[in-house]
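Pasting the structures in now, so scroll down.
In what comes next, subunit A is part of two complexes: it sits with subunit B in the first one and with subunit C in the second one.
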Partner chain A sequence: MAITTTAPAKRYSNSTYRTIRRVRTFGLYVSVTAVLVYMLFPYYWAIVSSTKSGQALYQFSLLPSLDFGNYWQLFHNPVFMGALVNSGLVAFASTMISLVIGILAAYALGRLQFSPGRIILIAVLMISIFPQVVVLSGMFEVIGWLRLYNRPSALIVSYLILTLPFTTWILTSFIRDLPTELEEAALIDGCSRLRVLTHVLLPLMGPAIASTGLLSFILAWNEFLFALTFILTDENRTVPVAIGLLTGSSRYEYPFGQIMAASVTVTLPLLVLVLIFQRKIVAGLTSGAVKG
Partner chain B sequence: MSAAEKMQRQQNRTAWLFLLPLIIALVGVAIWPLARSIFFSFTDAFLDAPANYGFVGIDNFIAVAEDPVFWRAVKNTLFFTVISVGAETLLGLAIALLLHRAFVGRGIVRAAILVPWAMPMVVSTRIWEWMLNDQFGLVNKLLVTLGLVEKGIAWTAEPSLILHTVIFIDVWVTTPFMVLLILAGLQLIPEEIYEAAEVSGVPHWKRFWSITLPLATPAIGVAMLFRTLDALRMFDLSYVLAANNENTMTMSIYARDQLISFQDLGLGSAASTWVFMIIGLIAIVIVGVLRLDRTTG
Partner chain C sequence: MASVTLKNVSKSFGAYDVIRSIDLEIEDGEFMVFVGPSGCGKSTLLRVIAGLVPVSEGDVFIGGEQVTEVPASKRGLAFVFQSYALYPHMNVSRNISFALETARLGRDEIRRRVTKVAEMLKISHLLDRRPRQLSGGQRQRVAIGRALVGEPEVFLFDEPLSNLDADLRMEMRFEIAKLHADVKTTMIYVTHDQTEAMTLADRIVILNQGRIEQVGRPRELYDRPANRFVAGFLGSPRMNFAPLDRAASSGSVLRGVGGFCHSAELAGADAPVEIGLRPEALKLVSAETKGAIRGTFERMEDLGYEYVCYVRLSETLVWTVRSTGSPLAFAEGEVVGLSWQPVSLYLFGDDGRRIDHGGALHLALGASL
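Presenting the complex of A and B:
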């Protein structure tokens, strides 16, 4: 318990202190519960609603009703399943490319004595805070030149503007935190820089790479603006756009049950991964910001 | 040439080699597209035939500046940014202070608050859209049952409410990020300072004002900077909730609308260049303020 061990000068009786302590502890747990409800209830409500259809959807029971009709419909919807595959491919490919390029760059920026490094790092940070819409027309042209318009691979290319600065920045701060002794020994033994990176540093960076990769995957998986703009036809869409464009025939006929089922489906894998890698993610997110 | 110079030169060459893929990629997907966008904003090109253009000087910039809808979007974006970043900071600070204390299950709670942050913005928007639905939403049901309102409020349709609803959803989504960054800042404060203060009988509120807040300020400042720049470019939340409704239209939506819906490459590029300049100016001001803060404080 957080109750302090060094007691201040006594002014009340012991039982009064005990009461104060109890009230404080009670207040703490009530506040924590309130925070949890605020943060988690909407997702819980989405799960509850996704298992209801027809009239049951409007009956406000707090328990799920175990009717998986919405999910059955969703998994037999070729557009949604296609979008799921597209999202997975796009996010995976852009993450992999960013990790490879990012690790190489992070080694140069984090380890080598190299004066333009600082300027490059600042440029990378500035690109990561670019509003996406600012590069939209230029990106349109690039996608056109590469003949990728309306193809999922257009997104792999354009997402590099999001994932690459991010992975470079975080991996640089991870590499700076690693001890240098092993590398120096390897360099004295005549190892090349690339060999040092692949054989000495990479094995140490496993957890860092996993969490950076996961964050970059989330970034790409959740992206909306480029996916909305560079993809025209339903079969090439990604999940966020598919969900964003899912509407009924009128405002009053929203297929809410299905939208909730889709929402739960695309979020569940992310949440499981985030909860597993929680510590590493927090470390990655904050190391970039607090030190920078 | 001395051996040390030779080594430094070799190291420079290696560094450039390692950085080459990054530089090529970023020039390709960021710097070149940015340059082309700025270039197009001085032309009258259309999206269907971008090669076919003439120069029109700063006409496009003037046209955007004379469009009241653009200024509406700027106003919406600034209002959204100021209110939501402010609310997130206060709420984030409060939750971070709470989670900084020791209690049973703290690890699980810290993990659980990541849930809203990890979701796609589109999904969060859809879930809240459902909860706030005027007829079938849980929130209105609750309000009606408690007798606070006669009939459901149209949170996502009523023009005077919709921007506030957008802010409310954004606060829910991004507060976890704030909490994490502020919590990281709080953890850097050495415990001994508090012990010393407690022994000297400094009251709780004073410990907060004179120890916690000043020492957590750098972390809060950085978190606010990140969030502000992120809020200024907001697109998906407003777009999913209300498409190009003028009440919630942000600068990003306006610029994309000119470019895609009206196929006007020149005007759209000028609008996005305006966005770039506005956000750039705000960024410079904030970074300047933070620097000033650090040197004087």
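Presenting the complex of A and C:
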């Protein structure tokens, strides 16, 4: 047997590779920092601006001036506080409804064998392709027929069109990934389809439900176009619109400080939610192996 | 306790036929093993009995009652899955009791039954654990416990031991055999492992491409296989086959590779086209031995308790010889002879069916070797 020898590929000394590795690590950290600064700066700027008032707003400074007058004013603004409550209700309700419908739909589409399922899934995806503006006028008619105009429930109904498609999609793919045998075991144990869903699949879908729920909550919480169109009066407004319509003490003053304070305030609940659910989401990502 | 009867059962997924009109009668209390190569439809057949897969055609009877359209949850069976399929979010105790909870049994009754099953399977100390904290063997026991607790009429096992390592597999095999002896319930067991099939079964069903090749007691299948497929499937190492030379065979004289030459008085009209010999029926002898066929000694494997030798008969044909005694010392490449008792020779016809020669087979002496 002939032993084939190949000339060793050209290589540098060990210390060169060490240097290369260090340079790479350093480069990685530098680029991560750059990305973080780029992404977080607008939010930081909002926080800084929210603590300034009057002329201070127009002077460039990266340090907050710790004047919480804007917040004080904001919390005594009944329209804004009402909008906050409305937003919470609308976002919560539309998330819940889309989760319930989404879970049922996902189980049907992901597990039950029926031929139109694929077409339905594709149709669901198509719906989410249309830009909101396309749907707007049609949606306006629907809201009119349902006699929901100028009511927060109009928003709950219309937000379903945004949240349901991706809820259904994500949950369907998650359900498909759960082992079929688990479900078969539950059927053998005498469960009805609904009991299989509620007692066996649902407890395992925690992470998927947390992440889709969070996403749809954020979507509903931040939505602007429908909220602006379907709501007429101040007391029914949601926060994004309320912020847009904040006015200063005179017609010609644009209340930058307050707007920034409102933006920061509005982001806080989302931050809290993300922090609460992040452990669950991360746990779901890592413990995907149900078979274990 | 119940019998299971399949009448003309077929199942196809689209254009692909997984099970083709199977008729089968499984008696009350019997341990029946379905065995076959992967993709032969054995798992699908088990799922059909369980009601997890609807039949395309045919009828299923359990305990004499028509259950073809009865959903899985109402059939009163128990199923042990290959992956165990324990509920990961429930502890062992709830895993076992879930079916009873679903059936709305009283709390005391549930506790009594779970305790009894746990003691029987020696998993009492694990009741509070989650499945992921258990070893493979323990999960297996829990899965069996979950099946036992409902006191089912029929137990279905889908390759339950294939995820365990060799030692544990043997232990669990023994326990399943003991379990059957204790509860005496009808059990249907799917496996691709012929050792499990041979050791556990009262009767074996050998499946191939969605059809039953043969049903019978393990010994019967081993000694009197109905056809080439069954003969080749059971036994390890598998049976040695060699085609007969048709042109050279004339009348009752059969000729084949390596100088094979026998005369046979066959009653049937079918002419055999192939011979089969089990590795343990062969004996390595010197090349000059009368009646032996010749080949080249290629390699010997010493397994400690037995030897497996490989002898090349032709370019494409290598036969295995299994012997427990120390074999003659042959060098690699040496020409050796293989001999056997006439009764251990199998003949197969054109359609693969075994042709019974009733031992009426003789060395065709005088024929040129």
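The rule is short, and it goes like this: the second predicted complex is superposed on the first by the 240 of 292 C-alpha atoms of A that agree within 3 Å, B and C clash if a C-alpha of one lies under 4 Å from a C-alpha of the other, contacts with A are read in each partner's own complex, and residues count from 1 in each chain.
Note that in this section a residue touches a chain if its C-beta (ideal position, glycine included) is under 8 Å from a C-beta of that chain, and two chains touch if they have at least 3 such contacts.
What you see is a predicted model; the values in this text were computed from it and never measured.
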item: Partner chain(s) touched by A:78 [first = subunit B, second = subunit C, both, neither]; value: neither
item: Partner chain(s) touched by A:263 [first = subunit B, second = subunit C, both, neither]; value: first
item: Touching partner for A:129 - first (subunit B), second (subunit C), both, neither; value: first
item: Superposed model, subunit A: greater residue contact from subunit B or subunit C; value: B
item: Touching partner for A:200 - first (subunit B), second (subunit C), both, neither; value: second
item: First, second, both or neither for A:181, with subunit B first and subunit C second; value: second
item: Where subunit A meets both subunit C and subunit B, residue numbers; value: 290, 292
item: In the complex, subunit A residues that touch subunit C; value: 179, 181-182, 184-192, 195, 199-200, 203-204, 290-292
item: Subunit B partner contacts - residues on subunit A that touch it in the complex; value: 1-2, 4, 6, 8-9, 28-29, 31-32, 35-36, 38-40, 42-43, 45-46, 49, 57-58, 60, 97, 100-102, 104-105, 107-109, 112-114, 117, 120, 123-124, 127, 129-142, 144, 157-158, 160-161, 164-165, 168, 193, 218, 221-222, 224-225, 228-229, 239-241, 243-244, 251-252, 254, 256, 259-260, 263, 266-267, 270-271, 274-275, 278, 281-282, 285-286, 289-290, 292
item: Touching residues on subunit C, where the partner in the complex is subunit A; value: 47, 50, 52, 71-74, 77-79, 81-83, 85-89, 98-99, 102-103, 131-132, 146, 150
item: Sites on subunit B touched by subunit A in the complex; value: 8, 11-12, 14-16, 18-19, 21-23, 25-26, 28-37, 40, 47, 50, 95, 98-99, 101-103, 109-116, 118-128, 130-131, 133, 135-136, 138, 141, 157, 172, 176-177, 180-181, 184-185, 188, 195, 198-199, 201, 219, 222-223, 226, 229-230, 232-233, 235-236, 239-240, 251-252, 255-256, 259-260, 265, 268-269, 272-273, 275-276, 279, 283
